[in-house]
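What follows is a set of notes on a single structure, which appears directly below.
Per-chain numbering from 1; labels A, B, C and D assigned in written order.
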Amino acid sequence: MISQIVIVLFDGFAFGMLLFLLSVGLSVTLGMMNFINLAHGAFGMFGGYVAVTVMRQLGLPFLAALPLAFIAMALLSVLIERSLFRRLYKAGELNQVLFTIGVVFVAAAAATFIFGTVQQVIILPDWLRGSVEFGGVRFGIYRAFIILVALIITALLVFGLERTRLGAQIRAAVDNQRMAQGLGLDVERVFAITFALGCGLAGLGGALAVEIIGLSPSFGFQMLVYVLIVVSVGGLGSITGSFVGAALLGIGDVAGKYFWPEIGSFLIYLLLVAILLVRPLGLFGKR
Amino acid sequence: MTDSIAPIESRDWLRRRSRWSPFEILFWLAALLPFILFPTYLPLASQIAIAALFAISVDLILGYAGIVTLGHAMFFGLGAYFAGIISVRGWGEPVSGLLMAGLFAGIIGYIVSFLITRVQHLALLMVTLGLGLLTYELANALHDLTGGTDGLRGIRTWPIFGQFKFDLWGYTGYAYTLALLFLCFLLSRRLVNSSFGLALRGIRENVKRMPAIGADHKGHLRLVYAISAAIAGLAGGLMAQTTNTVALDSLSFERSADVVVMLILGGTGRLYGAILGTIIFLVARDQLAGINPQYWYFGIGLLLMVVVLFMPTGILGFLARIVDRRK
Amino acid sequence: MMADEDIVLRAEALRKNFGKLEVTRDVAISLPRGARHALIGPNGAGKTTLINLLTGQLKPDAGRIELEGGDITGLAPAHRVRRGLSRTFQINTLFPDLTPIEAVALAVMERERTAGQFWKRLAAHGDAIEESFTILGQLGLADVATRTTRTLPYGQQRLLEIALALATRPRVLLLDEPAAGVPKDESAALFSVIAGLPSDISVLFIEHDMDIVFKFASRIIVLVGGGVLLEADPETVRSDPRVREVYLGHGHG
Amino acid sequence: MLKRTAVAAVLGLGLTLSAGAMAQETIKIGVILPYSGPFADAANQLQAGIDLYIAEHGDEVAGRKIELIKRDTGGPAPDVARRLAQELVVRDNVDILAGFALTPEALGAAEIATEAQKLMVVMNAATSVVTEQSPYIVRTSVTIPQLNYSFGKWAYEQGIREAYTLVADYGPGIDAEASFAKGFTEMGGTIVGADRTPVANPDFSAYVQRVADASPEAVYIFVPGGAQPAAIGKALVDRGLAPPDIKVLGQGELTHPEALESMGETARGIITTFHYTLERDDPLNKAYVEGYTAANNGREPDLFSIGGYDGMHLIYEALKATNGDTNGDALVEAAKGMAWDSPRGPMSIDPETRDVIQTVYIREIQEVDGELQNVIVQEIPDVKDPLHGAAK
């Protein structure tokens, strides 16, 4: 029994970490600018495509493809943020929803046009395949890898947010935008950088997700619901919140399916509704 | 009283606000045109009328009461399944079946409204989404009742009033859906022009002030949510009856999201925005998909982006401003 | 006690803390019928908090509030309003896109419980509209009844605040700086309107301008540091050394 | 108003019918598929099969030109499929309805085929009941019970006595679970556990762990195509659930080319049942695969492609038989009992049920010339759908 609980926790945590990478950027940017970017998942999708393409076409190793997916999405997001999204910060939430849904449509069509409708495949290096046995429990190596990457990223994020100048600015902008602006902080610039980081992380998450959940042009739509759940359960603008929310969701999902398979598909939505009714701001949300 | 004339002026002014404009009369006359001009587009016209009715139901809560929802397909689907299931179980009379479907969705809507009014903003969005997805999963799980992913089989809708059979061309279907759309529109129009509509606008304008004038604003929200759910259920029931099909997609997140997109596209809080947005979205989709069945959503995506950038109050808001300027 | 029957609003031992900060300390007030009382005190004395406690926007940590002898401590704001306890806000809290006639009619219909009648045209609520118009007329807003609120001059928006409160047919009216931001010459006019309110309405108002306070208030409650320092008639307050010190102190020097 | 529209309806219908009968030289085929949305890839592959057949056999049959009119449903959307069928019939005057990748969409359009009396060729939708919904429906793909009932029997014959089933929780999955279990238990086997996974299931680890806990002799799996086969395959291996320790059985989607590529070595030994095998050694199949990959940037054909390809074959042959007459009854008559050699192997249309009769192939993943392939280990010829008529 204990070994089963261990493995369920492990698998769920790994899945949660994938969700964390895909959604943390949205949580912070939403918390900072109140900008509802439903196209966030599309960055994850293109991140996946970047990884697949550089491995296929250029023969780059997987470990090189991951940072490339991050960089490519960060750059792309700067382009889009500066040219399009910037105009929408004062446009009202409904218009933001409409616009970014439009972006999702266009992104899906573009992905279909460039990459086709086929499911993309990522060929992992041998050392990431299979599983290791440890105390009678078999752990998937790739899942362990995902957890490792996510923990490193989390550590970097927390450290960056607590210890760097940019981090302080981001915190200030999330806490109280008007006051930060009053203190002479260039909130728009801070936001652009945060946005780029967040989209880059989504790209990285997308690249890591191909192996677990696949990749096709509907990825952006598919992940949208999960990403929104993590963001709302965790609470806006909080890295801790996204981390805990994603871990909870991942573990809850896997544990629910394992222990009560009959209601496996209901469980995350039940959790979502229950948590938000009790804590409308999410677990770590401040406003 | 010396200024007893003035209140009558005010009443006149209020009455004028709800008076039918020539545009409206023209619009509804134009809705009859497909019968004559585009008889081969009647099935599409019915589908648009159903979607427009659904969009109106969302406008009542989103546009007038400020409840943003990503789960309203829940009620559309409940109505559709209710109408479908009673038909499968032997009651295919359309009018009574439809009314029961609407009532059923409305009752569920009223129950759900107690949860909905507890939350706001992102939490509201996500609770509606979560409840919608729960209903979807529930319908999938109740395979024996709903037919699961294959959809409900064996729906037979009897002729309307025992007279008008649903025909291949869709004359009866469009007449039926248009009549329902018009009736529900009248009801909605009256609602938004009533004291209740005023209360809803009050909630949207300043929810904080409402308790301070003694308003039971949560009660208002519950009522409008139930009415909206009932209308959404009617729309779903119409779909079930005019197409004899119901499947899980009637409850899907996509349907919930699409209807919000159509509504914002047309312009919220105007009723006609819901109808116009639906027409533009579905006609554009039909035409674009006719040109290329695979990439049509590129065009739709661009349309949405352009509308936001250049018509921030929706297409109808944009048109209204042009008309105002002319005046 | 004979006076008891005349007390419309009574608060006892009200207490409210924000964290460690005591914003309301054992406040007891009683407002007789027809009162024109002023609530004064330096900034941060807890005046608005007290009003929020009385009207239910805030929940007290301890204490009891009675309206016409009934306990309303646990009631939601809307229910207190329906029992006759209304207020206005220091910062305009109006319906920007409604017209004054619509806003006031809404308040009237909420009071009459006819606001939920979704089947009846607004214009068909003749009585409510007439009454609303009368209220607007009392406050000199009849001419602008059909203009959108956001386009009204600030002073008229302040009056609309009061109109909305009156539309609930209050027995007690709590006015939170009704003349805040209004030029001095206009604020006197505004207060004559308040003074002319029906005599069975009890009024408690917050105001900074001492000239106005002394002119319009029959009794003054001085709030300092969350507690009542003194409650007395204007003459007593004016001459009380403690009040002079904490409140009018700077006037000395 | 209603009365007038009814009159107009009669008039309108009469007009178009006569116009249609007089003027048509081309034969119009309305193809209804989910070209966009989550099932776009299935639609694409199916369409590529249709296109390949037309490219190979010309766009003229019995002296008349063939014209395709494609319509997108955008996902599982039966009401849209029905509307499109309606419009294709009344506006575009199509002679034949075709496509139908998804069961609910086929069910939605069935009534229109009956009313309009048009041949409706179902090129994929694989639930048994589809052909029972209209006398004008003919199916050229497969049914799920067809594949799995005999597979269950076969599994028992191979000495397997206990199996665990793990299927996606939707119509096809439930059908697969039921028919495999039926075949297996009828022979004397025992189902030791049965779980259903949500259709949109990003992560399988929990379910696979439950299988591992039960440590059965064999596990039978049914998941939708796309990303899930590889995902579940890898999840199995991560738990040590791999041949030869445990027999992994499934329907052919589990080892389709992309899944195979993604699973790599871990796929070895998986046994699947299918009606089309890409690697089957047969000249007809070789030519088909060559032609297909050449026309589609190297993409290999799959079950959707062969359904579309054979669907077009059926349409062409039926039209030849009626000498270009597009009358629905005549075409259905021509289709009944039709038999031909397809790239998938010999197949025919059951004259009673209008459903497909074909060889079921049991394949195992083995290494051939250094590459993992589906290798046919058993052919079960002339398999009918076991459920047709069973309900009566």
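We take it that contacts are C-beta pairs under 8 Å (C-beta built on N, C-alpha and C of every residue); 3 or more make two chains touch, one makes a residue touch a chain.
Computed from a predicted structure; not experimentally measured.
Visitor: Determine the chain that sits nearest the middle of the structure, using the mean of its CA atoms as its centre.
Guide: When every chain is reduced to its C-alpha mean, the one closest to the whole-protein mean is B.
Visitor: Taking each chain's centre as the mean position of its Cα atoms, how many Å separate chain A from chain B?
Guide: Taking the average C-alpha coordinate of chain A and of chain B, the gap between them is 33 Å.
Visitor: Round to the nearest whole Å and give the separation of the Cα centres of chain A and chain C.
Guide: Each chain's C-alpha centroid was found; their separation is 50 Å.
Visitor: Suppose each chain is reduced to the average of its Cα coordinates; what separation in Å results between chain A and chain D?
Guide: The mean C-alpha positions of chain A and chain D differ by 36 Å.
Visitor: At what distance in angstrom does the C-alpha mean of chain D lie from that of chain C?
Guide: Here chain C and chain D have centroids separated by 74 Å.
Visitor: Residues of chain A that touch two or more other chains: which are they?
Guide: Residues 112, 221, 265 of chain A each touch two or more of the other chains.
Visitor: Give me the residues of chain D that touch two or more other chains.
Guide: 36, 40, 44, 169, 198, in rising order.
Visitor: Please set out, as single numbers or ranges, the residues of chain C touching at least two other chains.
Guide: Answer for chain C, listing residues that touch two or more other chains: there are none.
Visitor: According to the definition of touch, which chains form touching pairs?
Guide: A-B, A-D, B-C, B-D
Visitor: Can you tell me which positions in chain C touch chain B when the two form their complex?
Guide: 55-56, 76-78, 81-82, 86-87, 89, 93-98, 101-103, 105-107, 109-111, 114-123, 125-126, 128-130, 132-134, 137, 142, 145-146, 164-165, 167-168
Visitor: Help me check something: in the complex, which residues belonging to chain B touch chain C?
Guide: That would be residues 1, 3, 6-7, 10-15, 17-18, 190-191, 193-199, 201-202, 205-206, 208-217, 219-220, 223-224, 227 of chain B.
Visitor: Under the stated contact criterion, what part of chain D meets chain B in this complex?
Guide: 1-2, 5-6, 8-9, 12-13, 33, 35-36, 40, 44, 70-72, 74-83, 86-87, 89-91, 103-104, 107-108, 111-112, 115-116, 127, 129, 133, 169-172, 174, 198-199
Visitor: In the complex of these two chains, what residues of chain A are touching chain D?
Guide: 4, 7-8, 11-12, 15, 112, 116-119, 121-123, 129-131, 138-140, 142-143, 211-218, 221-222, 226, 250, 253-258, 261, 264-265
Visitor: Considering only the defined contacts, which chain A positions touch chain B in the complex?
Guide: So the residues of chain A in touch with chain B come to 30, 84, 87-88, 91-95, 97-99, 101-110, 112-113, 221, 225, 228-229, 231-233, 236, 265-266, 269-270, 272-273, 276-277, 280-282.
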